[in-house]
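Both complexes below contain subunit A, partnered by subunit B and then by subunit C.
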Partner chain A sequence: MAKDVKPTRKNLMQIEDRIELSERGHDTLEKKRDGLIMEFMDILDQAQDVREDLDDSYQRAQRAINMARAMEGDVAVRGAAAALKEHPELTTESKNIMGVVVPQIESSKVQKSLDERGYGVLGTSARIDEAADAYEELLENIILAAEVETAMKKMLEEIETTKRRVNALEFKLLPELKDNQEYIEQKLEEQEREEIFRMKKIKAKKEKEEKEAREAEQDAAEAATAD
Partner chain B sequence: MSTATDNESPNYEYVTARVRSRRAVLFDDDDYRKLVRMAPGEIARFMEETEYEAEMDALGSRHSGVNLIEYALNRNLAKHFDDLLRWSEGTLYDYIVRYLRKFDAWNVKTVLRGLYSDADRESIEDDLIDAGEFSEEQLDALLAVDSIEGVVEELSSTIFGDALAPAYEDYEETGVLIPLENAVDRTFFETLLAGLPEEPNRATELYVEFLHAEIDFRNVRNALRLARTGADIEPSEYFIDGGRLFDEDDLRQLVGNRDQLVEHVRSSPYGDDLDAALDILEDADDLIQFEHALDAALLEYADKLSNRYPLSVCPVLSYVLAKEREVDNIRAIARGREAGLSEDEIEDELVIL
Partner chain C sequence: MSQEIGVIGSPEFTTGFRLAGVRKFADVPDDDKDDQLDDAVEEMLTDDDVGIVVMHDDDLDHLSRGVRKDVETSVEPVLVTLGGGTGSGGLREQIKRAIGIDLMEED
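Coming up: the complex of A and B.
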């Protein structure tokens, strides 16, 4: 609050420095926010595509497994699924987008060939292959969606934080600092005016006293001459 | 279940007459058309008024929905095939039982898969189809076992025993079921053609012709699956010996080139029968529809053989295929409706002659 600040020149200089710094920070954060929003829009487009692919592949996978269960029976599908020995592996790394650390997920052993799936070729049919293919594709899309959507969420959080910082600078800190600056300037001006007034008063008093002294001296001289 | 002895003469007349009457009650196009438009509940009610009534009633208290339909279908299938074995005598029994051992193979694989995936005894039992040569006691003994090693030991005195023992060593090494499953399937196909007379009569010739077709079609199917994925698997892993279409070396070469593979099938004695199926494969690259076309072609081939020689095992095998197809079709309709597939999508999955 402006009233809490001591209206001194030193404080005024400090506040002016802080205003300059805050304005520079505000500009930088605004640029960061705009940059993040642009990056976010790119990721959003990508996320929408990935989500659509994910929905499609989920529908395809569900259809394929339903057809496999219908044609081959539940037990054959469960048996083929349980036969898998080499499970997919995921490794996560991170990359930096405008200061935001987002994950980069690398997958391996998701898409498998017929000989890597663990079930025998003799006792199964193309239905099972189709269901396995569809689920492998679904898993790939889930991994991609996890990467893109996590990046999107992190970008969104960073945009929110940056926006809050910009707003705090723009609507809270800078106005307060400017109020303080104005308050101190007014106070200093007032003090200056008071000082000038006081000086003037002193000067006038001094002049009056000098005048009175001169007049007294004059009167005394005149009296001496008359004697 | 009866057992045949070598000195009994085959009773083709009796069995084929009974099979003809059984075949007459199989669902026809109209029934499928009705079923495709029904919800799973309606399908169950429809089945209660048909051939499947007894099984639906018997299983109704334990299961519901599409599971009830599936288990009733399996039990009905088992009952019918058990009847075939009960009626038949002599070499006819031998030929039928060889073919129905595919259900023994199925049951062994189901128990193995169930144990491998830690399923409980009840759910494994629900999935068994008691239509093969194994007696109920043998199946109970298999279900009572709680390890894969125990299953292999339990089967040591059956036809699967010799093949399962070395396959179990592979299983222990690799930890995957493929060696065991392949050993079971391979034993089934090997025993189909083993020990047949060296100078067969016409009936046996037709039987062998049918089995060759089944093995060839299975090999074509698997070769095309491999050609599609590009997986590098030794033919010994998936090739079934005994067909006329390929030997192992042919297959090793053809699997790498799908066009050559298709051309090889087209120029084979099955070319005419599979012409339409191969066109589907070449035009749409749709392996599922090709498999349906193969199934239809096999059904038609069995019908053709049974018409050419009505007093042989062929009408019985043709009935076995038709009954299996009926069960597959009804299950596909019920599961398809449950999964919300459209009528057109379900119709695409049916194989109707």
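Coming up: the complex of A and C.
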């Protein structure tokens, strides 16, 4: 608060330096925020496309498995599901977008050929294969969505933090510093005015004393000549 | 380090994923979701081998507030919800909060 600072020239200079630094930081952070939002917009477009594909493939997969269940029975589908040998694996690498580390997910063993799946071909039907195909495709889309949505989440966090910093500088720190600056400037001006007034008073008092001394001298000289 | 995909949901939801080779899954029958889903999600979130958690968007409503927030904001593992359209899984809200406008408003 303005009342906490001592109104000295040294403090004023320090506050002026801090204001300059904060304004520079504020500009830089604003640019960072705008840059992040632009990058985010690009990712958002991509995410919307990925989401559409994901929803389509989910519906396709659901249709396929419902068909398999209806034709083969739930037990057969579950039996086939329990027999899978190969499991999809993910490896994550990272990419840097304006200081935000976003993941790049690589997958393996998602799309499998019939003989890699592990359930018996004779005991199951083409419906189950179709359902497995559809779900493998869905998993590919899920992995893509996970990559894009994680990037979005991380960028949103960074945008939020940057925005909060910009706002703190703009609405809290800078106004406070400027208040302090104004307070010190006013106090210093007041001190200067008081000083001038005091000097004037002293000068007037001195002049009066000198005048009185001169008059007394004159009176004394006049009295001496009269004698 | 290689990770896997985890699926949480009703047995009908998880079976298809198991058919595609997913082995980390938690079956929670529809009737027990209010009681058991929180634990299943928490367990999946603490599993270091899981890189992506897949859930149905409607199932998020069965979670308690804290767990729901944890799973929605989690990055490792990341949550992907199905059946909720764009901006599901809390993303839309997060965008509204961070950018200030609803970018996912349907035309």
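Operating definition for what follows: the second predicted complex is superposed on the first by the 225 of 227 C-alpha atoms of A that agree within 3 Å, B and C clash if a C-alpha of one lies under 4 Å from a C-alpha of the other, contacts with A are read in each partner's own complex, and residues count from 1 in each chain.
Just so it is clear, contacts are C-beta pairs under 8 Å (C-beta built on N, C-alpha and C of every residue); 3 or more make two chains touch, one makes a residue touch a chain.
Model, not experiment: these values are computed from the prediction.
**Student:** Fit or clash for subunit B plus subunit C once both are placed on subunit A?
**Tutor:** fit
**Student:** For A:97, select first, second, both or neither according to whether it touches subunit B, subunit C, the two together, or no partner.
**Tutor:** neither
**Student:** So in the superposed three-chain picture, is A:19 touching just subunit B, just subunit C, both, or none of them (first/second/both/neither)?
**Tutor:** A:19: touches no partner chain.
**Student:** Which holds for A:82: it touches subunit B only (first), subunit C only (second), both, or neither?
**Tutor:** Both partners, subunit B and subunit C.
**Student:** Figure out whether A:73 sits in contact with subunit B (first) or subunit C (second), or with both, or with neither.
**Tutor:** first
**Student:** What is the contact status of A:174 with respect to subunit B (first) and subunit C (second): first, second, both, or neither?
**Tutor:** Neither subunit B nor subunit C is touched by A:174.
**Student:** Could you say whether A:113 touches subunit B, subunit C, both of them, or neither, answering first, second, both or neither?
**Tutor:** After superposing on A, A:113 lies in contact with subunit B but is clear of subunit C.
**Student:** Name the chain, either subunit B or subunit C, that contacts more residues of subunit A.
**Tutor:** Touching more of subunit A: C.
**Student:** Rounded to a multiple of 10, tell me what angle the C-alpha centres of subunit B and subunit C make at the one for subunit A, in degrees.
**Tutor:** Approximately 20 degrees at the subunit A centre.
**Student:** How far apart, in whole Å, are the nearest Cα atoms of subunit B and subunit C in the superposition?
**Tutor:** 11
**Student:** Is there a shared patch on subunit A that both subunit B and subunit C touch, and which residues make it up?
**Tutor:** 62, 78, 81-82
**Student:** Provide the residue numbers of subunit A that touch subunit B in the complex, in ascending order.
**Tutor:** Contacts found on subunit A: 62-63, 66-67, 69-71, 73-75, 78-79, 81-83, 85, 113-116, 118-123, 125-127, 129-130.
**Student:** Could you please specify the touching residues of subunit A with respect to subunit C in the complex?
**Tutor:** The touching residues are 37, 40-41, 44, 47-48, 51-52, 54-55, 58, 61-62, 65, 77-78, 80-82, 84, 86-92, 105, 109-110, 112, 117, 128, 131-132, 134-136, 138-139, 142-143, 145-146, 149-150, 152-154, 156-157, 159-160, 163.
**Student:** Which of the residues in subunit C come into contact with subunit A in the complex?
**Tutor:** Going through subunit C, the ones touching subunit A are 1-5, 11, 15-23, 51-52, 54, 73, 75, 78, 80, 82-83, 85-86, 89, 91, 94-95, 97-99, 103-104.
**Student:** Touching residues of subunit B toward subunit A in the complex: what are they?
**Tutor:** That would be residues 70, 105, 109-110, 113-114, 116-117, 119, 127, 174-178, 181-182, 184-186, 218, 221-222, 224-226, 228-233, 237-238, 240, 287-288, 291, 328, 331-332, 334-336, 338-339, 341, 349 of subunit B.
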